[in-house]
Structure formats: C-alpha cells, structure tokens
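Sharing a structure with you now.
Letters A, B and C mark the chains as written, and numbering starts fresh at 1 in each.
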Amino acid sequence: MRQVFHTVRVSTHGAGLYEFTGAAAKFAQAEKIGDGLLTCFIRHTSASLLVQENADPAVLKDLQDFFTQLAGKGMNFRHTAEGPDDMPSHIRSALTASSVAIPVRHGKPMLGTWQGLYVFEHRDAPHAREVVLHYIGD
Amino acid sequence: MRQVFHTVRVSTHGAGLYEFTGAAAKFAQAEKIGDGLLTCFIRHTSASLLVQENADPAVLKDLQDFFTQLAGKGMNFRHTAEGPDDMPSHIRSALTASSVAIPVRHGKPMLGTWQGLYVFEHRDAPHAREVVLHYIGD
Amino acid sequence: MRQVFHTVRVSTHGAGLYEFTGAAAKFAQAEKIGDGLLTCFIRHTSASLLVQENADPAVLKDLQDFFTQLAGKGMNFRHTAEGPDDMPSHIRSALTASSVAIPVRHGKPMLGTWQGLYVFEHRDAPHAREVVLHYIGD
C-alpha cells in the first residue's frame, strides 16, 4: 500500500464550473496508480468541488444560474469585505462540497459515463485555485 | 492493511430516498472487515447520496418535498433533453453528496443510532443506480 | 501504513457553527501523524460538518441566517416529533456535509489559510455532538 500527493492548480475567470477530470486522470497515469482511493480537497471557502455531467454544457450554465439565484448578491449580508459576491460565494461553497472521494480501479477513477470533476468558482474576479489530490492504494 | 471493492445496485422507481445501510453492513460482514474506512461513491449526476434519519419515514417525505420545491420542474432551464425532471435532478445532486466516508470499527460502520445510508433518486422514471463501496483498513 | 481513530466531542448551545480545527490539529500532534488522509464524520442527522472561513465571525452569522431562511421553522412539515426546529435541522444537514476528507502533510491537515473545520449545529436546544476522526497514512 502506498500514497501519493499532487496539487492541481485551476485558473478561474469568473463564476462557473471548471473541469479538472483530465488533470486527475493524468496524475493517475503518471504515478502508475493501480487500485485505491482518490480524494480531492479544495483549499478555499469561496470555491468548491462538484461531480457533474460533462456531456451537455447547458447543464453547467443552468447550475450556475440556480446557485446565483439561490444565494445572490442582492441579499443583506454582514460580511461584505471583498464585495457583494463575497458572502454568496461562502454560501454556495457550503451548499456544495469541499472534498470528494472516488474509488480507483486499474488506474482509472470509477466515475460514471457522464461524470466529470469540477472546481465550482463562486467569485467574479480571476482566482488561482488549489485542489489537493491524495491517492492511497496498491 | 488491505482494501476491498464492491458495487451496490439500487433499483429506483421514482424520486425519493432508498436505503442501502443493510447492503453496506452485509458487505462488511462478508469481507470480514475490521477497523478502517468505508467510502461510498455514486456513479451518477441525477441521483446522489445522503446520510439521514432512518427512524421516522416522515423525515424522508419531508426531505423529498423540500428538494422538490427548492429545485422544481417549473423553472426555466436550458437543459431539458430528458424532460422537465432532468435539470432539477442535477441541481438536487449538486446540493447533496456524491461521496460519503464512514470510519469502521470491529466490522461496523460507525453510524450514529439513527443514521442510515441512502441513495437519493431525483428522476421520475425507474433507474438502476450504482454505488461503489471502497474499504481500506485492517 | 497505519491508522488511528479519535472521537471529538462538541457541546453545542443553539444553532450555529462550532469550530474544532484545534481538536483535529491536537489529535494529529498527539498521534505523531505524518503524511496521510484525515476523515471527519459526524454521527448525527440534525447537525453537520462544514469547512468554512475562520477569519471574520460575520461569515458564520451570515451563513446561519441564510440556512435559517432557506429551511425555516414556518414550513409545513409532517415530522415535528421534537418541535419546529426538528425537520429544518434534517434539511440543513442534507444540504451540507456528513463527512469531510483532508490530506495531511508533515502532521498538518492541508487546510487553506482561511479554512476552519466546523460542526454546524441546527437544533435550538443544547446537544453533545460526536465527530469521529479517522487517520490513515505513514
């Protein structure tokens, strides 16, 4: 049994979903990963992780719209230090995931046919996001 | 240290919560599992995972109603390829979990007294859902 | 490779966020933890886990307000066995997390600069909450 760490850096330019399935798969190949468990953890509280459909881009836009409406800039917040998109970002992060764990078989994360891994950026301004990958297995 | 994989198949017939706590416990027994970590991962984006109360069935109905109202069929979506329940399903999945990890002691997942493991089906039509179980431990 | 278990007990007195980052760090030090994976699991369905900003306390109040509005006591629920805050608690738990997994490097959980670990209490009355910590690694 062994473990490997890797940090994926995702440059974002506005709220929306940024896929990193390819970076995770590349990591698995490079490290000659076998059977095990892949954990993704995002080191931020105004961006989050999501496993979502990667077939129709309209899904990502509809998701974005829904979360924009659910936790929007027009609400009355105490915490507005970094602008009107600051607190909505924390809320949208709380409603989605900080970590996701995916079993890996023969070097491939066992994602379903239509599943992709995404950083869900909630801030308007460009950000450099870090997702830590941890693999443990054969 | 060793690891074991298992796929639980859950047949759903309409939106709602389907318990699989028993299947997870049976897997732990069959594999003579000791102390470790059990990870559940669902291979879909229109059904999700939930740890919820398994005492009063009314909880599950109230949960279902809440999510139906929060992300409903009446909203204006771009992605309607598979009908009006398609996009609400993706949203409800995003709001709940794709993976859940539970420590295991003496072969038993350390769930609280009232906790059960559920597949949260968001589609109306019957579906065959796959939950991958991964165990690592003694 | 080895693993360690620990239960963190958090006393809550009303709905809100209770930080346990310190308890997790102390556990890592006491057990001379190296590189690995730390999983937190909450054994309840009316309290949940959250990774959130621990710099400005206003963030926690705004979060609390948002969830109070989103799933409130005024809704019409079937399950009211333990009072009007019973079902809203289950819903708020479903919307946040039961488990969180964080990679650990040199004995330190790889949290971002502003990230803290929280128990998100959803009930009004005081409760004794249990969070199970599981570590696997070097």
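We take it that contacts are C-beta pairs under 8 Å (C-beta built on N, C-alpha and C of every residue); 3 or more make two chains touch, one makes a residue touch a chain.
Small disclaimer: the values here were computed from a predicted structure and weren't measured.
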Copy pair chain A, chain C: interface residue numbering same or different (half cut): different
Fitting chain B to chain C on CA atoms, where both chains share a sequence, rotation angle to nearest 5 degrees: 120
CA centroid of chain A to CA centroid of chain C, Å: 20
Multi-chain contact sites of chain B, meaning residues that touch two or more partners: 1, 70, 95, 97, 101, 136
Touching residues (chain side chain A, partner chain B) in the complex: 1, 35-37, 50-53, 56, 58-59, 61-63, 66-67, 70, 95-97, 100-103, 105, 110-112, 114-115, 136-138
Residues of chain C defined as touching chain B within the complex: 1-3, 5, 39, 41, 43-45, 70-71, 75, 77-79, 81, 87, 90-91, 93-95, 97-99, 101, 130, 132-134, 136
